[in-house]
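In the two complexes that follow, subunit A is the common piece, with subunit B as its partner first and subunit C second.
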Partner chain A sequence: MNHFNSIRIIFVCFIFLLTIPTMALAQLNVVTTTEDIASIVREVGGDLVTVKSIAKGYQDPHVIEAKPSYMLKVNRADLLIYQGLELEVGWLPMLIQGGRNKKVFPGQLGHLDVSEAITPLDVPIGELDRSMGDVHPSGNPHYHLNPHNGLLMADSIADRLSLLDPANADAYQSNLDDFSKRLENKIREWTARMEKFQNLNVITYHATWNYLLDFLAIESIGTIENRPGIPPSGKHLSELATMMKQTNTRVILQANFFEKEFSDLLAGKTQGEVVVLPAYAGGTREAKDYLALFDVLINKLEKTFGKHLSVVNGESR
Partner chain B sequence: MSEFLTFMGAPIAACILLTLVYTYFGCHVLKREIIFIDLSLAQLAALGTTVAFYMHLELDSPGSFALSLLFIVAGAAFFASTRNLSASIPQEAVIGIVYVVGASVALLIASQMPHGAEHLKTLLNGSILWIDWQGVLLIFCVILIVGMVHRITGKKLIEQSRTYKNPLGQNSPSWTSDFLFYITLGLVIVFSVRTAGVFLIFTFLIVPAVCAALFSQSITTQFFIGSILGVVASITGLVLSYHLDQPTGATLVCTFGVAFLASLLLSHLRSSG
Partner chain C sequence: MKSLKILFFALVCALIGSNASAEEKKYFQNRIEKLENRVKQIEAEKSRKPSSLSTRRGLSSSSSTATRISRAFNPAISVNGLLLGTYTDQGRADGSREVKTGMKVQEVELRFTANIDSYLHGDLTIAFEGDEVEIEEIIASLLVANNLSFRAGKFFAPFGKHNLLHTHAFPFIDAPLINEEILGEEGINEVGVGMALLLPTPWFSEFNILFLEGDNDLFAGPLNDDFLYLAHWKNLVDLTDELTAELGGSFGYGRNDLTTGPYNYTTLAGADLTFKWKPSGRELYRTLVWQTEFIQSSRDVVKNGIYTLLQYQFARRWWAQGRYDFFTIPRDTVGGGGEVAQDKNRYSALLAFAPSEFSALRLQYNFLDQSAAENEHQVLLQLNFTFGSHPAHKY
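Entry: the complex of A and B
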């Protein structure tokens, strides 16, 4: 009897050992272009997925230097998720080709463009004229900066994970519910804290912040780059300065991967303040994931706007 | 190893092909003292692509290549002419002027387009890592054409490059042979700058030729020494880039830099010892 028991224990242990490698293999291998998508995949996929992001949070995903490991990542991926709306157009198509992995080719189940889940802002109306400058033909690609879009992104990611791994669909659903609940609570908190700043005006460096400002009901009255990616002309800067004075605008927002010199120049002429913000999860040490990114953003904006709101009110009194 | 070859096979083949053809041109360029000719021609090619982009032509479409070639032809004709127009200005100055004006015109056009500057930057940076076998074949065909042209004019060209600075009567290069030299180099640049990038092409052109010039005065010997050095440095750079996971172009350029330092040291030891 004793003998039989020990055989049984060994047998159970053996079976257990056998399942360890298969469990590891069963993990879905997800590659994302940005840390924000990676962060949401981590929330929704939990232990069932491994996820790696190509662009780091402090890098501008418009421009990424090619490294061999990116091709290896794409080559081994079961699922490639990207932000779309031409954000990664400069390098992702070549990377997909270079990765030689049919699973993540366009049209396959392992290829997910999250922008299909959201409604883009700044979509040009009518015929597209490239000479107009600030037009992304399919809309502004920085949509992750509205936390409501985070909910939609998580939905779409959970759907796709369930399609690829139907056995764990329930787990993905419950992870999704949990994440959505936490995000919704946070959205209520952020909205409440920022309510008093609604209809304030700001200047932004690049159209990066339009979704965040849309969420906070804050108005962007101009961008320092009058055409994305092109340094401003002197005339444009002086027009902005006049506009800032007329509208009593004091705050200039910019992402931490852009040069600060033009924002500083404008701030110096208008008694304004440049607020440098991380635009992606991982952009600073505190903004370590998608929720933490917004905590950092809201903390900084609340402090800055609070200071300037009191100045503005003090002057008008 | 097999994984390394899956990903790096095409880049290795491309680097070897480009090293060989650019070392050949490099030896001539060095003798003629027109070191920055490739930057200037690459900038003209980029200007052509930028104009094409502005006219809504797709990148890498035949129309876009045609415009680049058109700018290169104009540049080649200009460079071939200025040499005869005025003997008092060095050719290097003309090359420099074309480079800065070309770059600025491209920037002015790019400033009319969203993310135009980034477009310009990717045009000039490129990445050899993304090249596939089809791209290698294209480069091979271009090199074949250029090689055939030079096969016919080669002997005379070597003589001309050797005496470029002090031409002796009949050896003085004609407008046609100068034009042919610029246009063939331009052709290789048009078809390689998008994949290799300006820095890497400059490296391929100059470093092997300079290293070889430390050891020999004959263009033919320089070409052989430079080719061997270039191929070894290319493969070393690609292996390093893969194993250290660093951006490929920059790693290659640095490897060539180290090769240059080593050659300098070696030639110094040789001459003093």
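Entry: the complex of A and C
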């Protein structure tokens, strides 16, 4: 009997030892395509997950290449989260195919397209083809730049984490509540600070900023790119210049991964100012996470618009 | 009705009772106003849209045909067109030359891609070249288990870097000399089966084993069951966020058409090294690629050679490229085959203008310094375009 007991104890110890490495590995391994999603996953997942983003915040996610080293990240992921609306169409399908990881195949729990949680802007109406440039048939993919969408993104991420790891669902929920509360407070602050600039006009380089402008109720009256992804012609730039003068528009917004030459050219013709902004968390050192990104954006826009508001009002009245 | 009233009263009480600050109230008012505007806007848009009948008709016309067979599961289809103009200072009167002055459709590739079912993925590439129509690739691939994939069909075998490429994805207008002279004009494009295993290393490391028919001239044995066995090992390391190094080794072995003697098996060996650089945050505007590949085949004669090429993207739409090719049949290894020893050097320069990722105009100059023929100057101008839904290119 004693002998049997000791065997039982050894057996239990053995089982316990076996579970130690699995407990250490119990963290969900999440791979995201952009730093914004990674930042939100960090907020919602806390210590329960490890997160890596494929695109860095200072890179244009349209033009990432399907490096085999990224395939390795996808290969070892429990959950792949991407922005969707064809933002990553040039490389993500290759990474999923080359990653050879069934957990993150389309239709699996480990495959999450966050764009399903939001309502896209700029959904083209009517027939489309490539003569229209780099059009996104399902809508503008830069939706993370409206912080209200950040709330929806966090919701959908928390849902999925809870499905994959139900044992920690409560923890994800309370992290989500905490993050949403902080973001809501911040939204109130940003809205209050930017209220006085509502209905101002701006020009943007690419349609990157439409969601942010929608949030701030600022109007984009044109893009420097002739069509999405297509550099402007001289004629297009001079038309923009005329429009800027007629509407008293002084501010040109562009993301920091585009070269400034065309924006500078236009600014030179119109006494305008080019504002170079990070478009993703990690886009600059200060914009280190999702909330900090908006702090940086709002600080910069408040300063710039503040400078131009008096001029605009002075001339138009 | 009464209960509704009570509920409403309770709600109002709750709202008044809650100690929401004035700021918060203002915030919620703003949000409500915004939402109201949004609803108005959406309703206005709806009323502006054409009648539901025409919308429905539009939908049905894109999702099925009159046969009521759904189009939703059609494969992604794309066409690559390659139009080529050539000038050469040699062989003006010789119509049989591979490279001769004139214009031609270099190649048209028709590509179909789709998932076949929940297990298999399918790819078909049909190539039109002159009067010839060829199945360039037909592949059914399957992920057997995580990290282990399997494929069957006819395909460009993973031997080195260049052999894998379709003509429209060549870094230069023509293939490297070693690919043309050693592997033949079609390259190693064979019917067979293959297995690819992703190794559990901290860097990307993939091992390929293939069992192929062996139709290539190098491996065309006298018996029907003379097959070609091929192995390829590919490694890629991120040296920094901006720079990758890729190192590959390839080996092939199979019976050839020599009937006697010690040379009736061909061995084929290759090595490749590629560095690729893109600056962080300026991926759209700058790229530098340095790629070198060595191939050797041994049967009664040994043939070998190397190419090294540089591709530099110096502006969003512009590329400048250079390549050096060397191919040799060393004299002292000539056996009874009667082939003459020779060597060839080729120097190439290319300038490409790519208005978008779907089209490029490329101008290339070649100087051939060769022992078996007159030295030659060639100028090539190619228009390279893609339309339809084309899968992304490999890194």
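Operating definition for what follows: the second predicted complex is superposed on the first by the 280 of 317 C-alpha atoms of A that agree within 3 Å, B and C clash if a C-alpha of one lies under 4 Å from a C-alpha of the other, contacts with A are read in each partner's own complex, and residues count from 1 in each chain.
The criterion applied here is as follows: a contact is a pair of C-beta atoms (placed from the backbone, for glycine too) under 8 Å apart; a residue touches a chain by one contact, two chains touch by 3 or more.
In this text the structure is predicted, and so the values were computed from the model without any measurement.
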First (subunit B), second (subunit C), both or neither touched by A:100: both
Contacts of A:90 with subunit B and subunit C, given as first, second, both or neither: both
First (subunit B), second (subunit C), both or neither touched by A:27: neither
Touching partner for A:65 - first (subunit B), second (subunit C), both, neither: both
Contacts of A:228 with subunit B and subunit C, given as first, second, both or neither: first
Touching partner for A:284 - first (subunit B), second (subunit C), both, neither: neither
Subunit A residues touched by each partner, larger count belonging to subunit B or subunit C: C
Touching partner for A:256 - first (subunit B), second (subunit C), both, neither: second
Residues of subunit A contacting subunit B in one complex and subunit C in the other: 63, 65-69, 71-72, 75, 90-91, 94, 97, 100, 130, 133, 229-231
Touch list for subunit C against partner subunit A, complex: 23-24, 27, 30, 121, 143, 146-149, 198, 203-204, 206, 234, 236-238, 241, 244, 246, 278, 280-285, 316-317, 356, 358, 387, 391-392, 394-395
Contact footprint of subunit B on subunit A as seen in their complex: 62-63, 65-69, 71-72, 75, 90-91, 94-95, 97-98, 100, 130-131, 133-136, 227-231
Of all residues in subunit A, those that touch subunit C in their complex: 56, 58-60, 63-69, 71-72, 75, 89-91, 93-94, 97, 100-103, 130, 133, 188, 191-192, 229-231, 256-259
Touch list for subunit B against partner subunit A, complex: 3, 6-8, 54, 56, 110-119, 121-122, 127, 129-130, 132, 241-242, 245-250
